[in-house]
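Next up: the structures, one after another.
Note that chain A is present in both complexes that follow, paired respectively with chain B and with chain C.
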Partner chain A sequence: MDQAASVRPDPSTATLPEDVSPLVRMRHLCKWFGEHEVLRDISLDVDSGEVLAIVGPSGSGKSTLLRCINLLEEPSAGSLNVGELTVEFDHPVKRRERKALRQQLGMVFQSFNLFPHMTVLENICLPQRRVLGRKRDEAEAVAKDLLEKVGLTDKAAAFPSNCSGGQQQRIAIARALALDPRVMLFDEPTSALDPELGLEVLSVMFSLAQSGMTMIVVTHEMSFAEKVSDRTLFMAEGKIVEAGPSADVIRRPQSERARRFFRAVNGL
Partner chain B sequence: MGATWSDVADWIEPLSRGFVLNLEITFITILLGFPGGFVLALLVERRSPWVRWPAMVIVEIGRGAPALVLLQFVYFGFPQIDLTLSSFASAIVALSVSTACYTSEIIRSGLAAVPKGQKEAAEALNFSSADSMRFVVFPQAAKISSPAMMGFSILILQSTTLCFTIALPEIASQAYEIGSTTFQYFPILSLTALFFIFVCVPASFLVGWFERRSEP
Partner chain C sequence: MTPDYFLLLLTGLPYTFAVTGGALLIGALFGFPLLLVRRSKVTILRWTAVMLIAVIRSIPPIVWIFLIFFSIGTGVFPISPLSAALVGFGLIATANMAEIYRGALIAVHHGQTEAAQALNLSPFHTMWDVILPQMVRVCLPVAATYAIGLLKDAAIASTIGVPDLTYQGRHITQMTLQGLSVMGSVGIIYVLISLPIAWIARVTEAHIRKTVSL
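Moving on, here comes the complex of A and B:
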């Protein structure tokens, strides 16, 4: 029996052949902060090329879940599987496991977190050179290519402080993509932005999704969740309350908890 | 019987010779003490109590003991354990230790002032912790700490005059010697002060300018 969280049958995974394993697989993941149980027995599968939106009230553990995937927080129990790598959290994570896991994951933060003392080009090149050992020329070629993709070729020599929030976030996406991740994690990438600037970021994310990137996106943008993501996961109090095709979860939530949340979000 | 201008001219040479020593000691002390402070700052932040506690004890002793006492301890005390250092070497050792201990606190608060998101971004990008420190955290911490570190450098220069107690012919010793033979204490010490003012006042302005510039 498949233990992946799924309150209703999920047509997108139901039709998959048995031997196609998901790209990201979580089993019974728990996270405690001291006495406080922030994630309760989370099991979840994300397929290659899938875009998964995670929504839910503040404090429900969405960020923690995302941060547990790339081990910015170490889960207290359970197991995590990305690609060929499986990490069991019955022992402290080994450095080698952490490296191998993060190699496959890119992360984009709400507050961009570009390095303020480096130019945009250096921000994108340094990780490639230090982490992947690319030569300067190669790294710069990759960086320029990505800057073009996010529409910021003219900002290569600028410092982050001279870029708008929307531009900074697009640069942060390029910086993460430069390391060739298999999965991109986004933690409320547009929450710190004016709606207009947020739109630039969303359009970059949209084309990324179109290109087949596997994405896990914590978001408050229901329209993004509905239009771009294949599946939406509703979390509350550290649990997955509902999961399923985005339109169903957002338009026709089954649980009272989710109905209340979406009513509030829609201002009704 | 006041000092004449030709007396003053005669004093300039020995005082300058002494002041060169003060500058040399300051320079070497910064060169050894600042990295030492950085290392202590890192050790104090380590999780393991076996590393953290000894480092904290060293820092507290180094900050608690007056520089004058440290100087005397190294110059007069070490020979008793068969470690005899020249007055120059003693000055370097004592002032570097004192500097390392004091600046470790400055550096520690500088490191702590780098936003957490920066370290997390480096971590998420799979930087090794050494690379994260070297390329992301340290450059930002250095910028935050630099006004306080420059201010501390001025204090080091001033504290090098304490070396007159360990027979080092630096500027204060020179002044004292000239004073004790000519009894012209007032002009000779004024002249000595001028040497320091000549360096420290522009340096203070520089620090102030830096502080204003690094406040965005």
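Moving on, here comes the complex of A and C:
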């Protein structure tokens, strides 16, 4: 009983004790779109090597939360910590802060967003050369190594339009990994794919999780959340409603809102 | 029409090309900075660009050419007919190219900018490496169509004395009174110039559809 209580101390937050230093730490994060409050006072910690799944109905703010971490959306208030870097949102974010933050984060989008005018190899090499200043040879070596890891060595010279959705998403993962991020953010990475193609993406994500990568995954794949992620966060109406070990949250949700959601997901 | 007259007619071609090509070049070059101002975060700058583009495009080309050649050109500082035509059509092409670029920018999927930002590419490299190459692909067919329109508008330059194809046609007609054969030839020459441009537009468009799925 005590242990269960310590796992879920407060349903509105998902934070560690203050003396433990997490890789990602959010405190009182808020986001307004005009009059509409999309994120309400979010506090959240993600440990190094942890895989966190964020689930919830559409419009619950889960994608916005993810996009606030790499500042594709700028939070309206609160603070964000990634590694040694702290960004306070009481002032407009400085370019230097944004750069330093994004340097540590990789992102994978629902719609892949590969650059259609470049080959697969160029897609993975260009950011390395522009952002990390790697030489062409070095960047290509990294790219080829990563393409092998995602099982697409033969696609190096192809254009994205000649790759399947599943292949494109695996290339997008390789492109993000090539910049050596400390945390990978996934925004519904399989939602645009049919189940079979989704599976090949999920298996790449699974081995990435096995390798110890810190991952924050917004997903509708409950089986992925349950099997791969260490913790699952259930969000609704811009708030964290439940957070805890994935099996607990998905199998034994405590709030009525979460119970309703998981019942709908399971089709019961 | 004798060969002599036909050769005289052809001396107009370089001027037609100069006005059309020159204006297109000016437009292609200055249209981009105008687009950037048009999309500036500073409201006053943005609205200035919007107004400028609207005003330039609302006034008929012939009025612009007269305005530049007869008012500014004769009053403040003298300007040659060719320069006046280049300034006038260059101005119009700049406004139109800015709008063509803007359409192309909108056509490039927003996710491309987001991906570049998430990968930490600088604003310059986002534009240069990711957005611009895709914009060019979208632009080409539209710009080629615009070039054909400009080629025809450029005939207006003959009214202020630029000795282009149309000017020579009218000149020879007045001398020979053989309007049908002379102006007919002028018309055919315009068709022969336009066709390859239209063909290039169609081929590039088909090529883009095949290679880059936007």
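By our rule, the second predicted complex is superposed on the first by the 249 of 268 C-alpha atoms of A that agree within 3 Å, B and C clash if a C-alpha of one lies under 4 Å from a C-alpha of the other, contacts with A are read in each partner's own complex, and residues count from 1 in each chain.
Here, a residue touches a chain if its C-beta (ideal position, glycine included) is under 8 Å from a C-beta of that chain, and two chains touch if they have at least 3 such contacts.
What you see is a predicted model; the values in this text were computed from it and never measured.
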item	value
Combined model on chain A where chain B meets chain C, clash or fit	clash
Touching partner for A:130 - first (chain B), second (chain C), both, neither	both
Touching partner for A:254 - first (chain B), second (chain C), both, neither	neither
Chain B versus chain C as contact partner of A:164, first or second or both or neither	neither
First, second, both or neither for A:48, with chain B first and chain C second	neither
Partner chain in contact with A:70 - chain B first, chain C second, else both or neither	both
Which superposed partner A:79 touches (first chain B, second chain C, both, neither)	neither
Chain B versus chain C as contact partner of A:102, first or second or both or neither	both
First, second, both or neither for A:119, with chain B first and chain C second	neither
Shared contact residues on chain A - chain B and chain C	70, 72, 99, 102-103, 105-107, 109, 111, 113-117, 126-127, 130-131, 161, 172, 175-176, 179
Chain C-facing residues of chain A, complex	70, 72, 99, 102-103, 105-107, 109, 111, 113-117, 126-127, 130-131, 159, 161, 172, 175-176, 179
For the chain A and chain B complex, residues of the former touching the latter	70, 72, 99, 102-103, 105-107, 109, 111, 113-117, 126-127, 130-131, 161, 172, 175-176, 179
In the complex, chain B residues that touch chain A	115, 117-118, 120-121, 123-128, 131, 135-136, 139-140, 143, 216
Residue ranges of chain C touching chain A (in the complex, touch as defined)	109, 111-112, 114-115, 117-122, 125, 129-130, 133-134, 137, 211-214
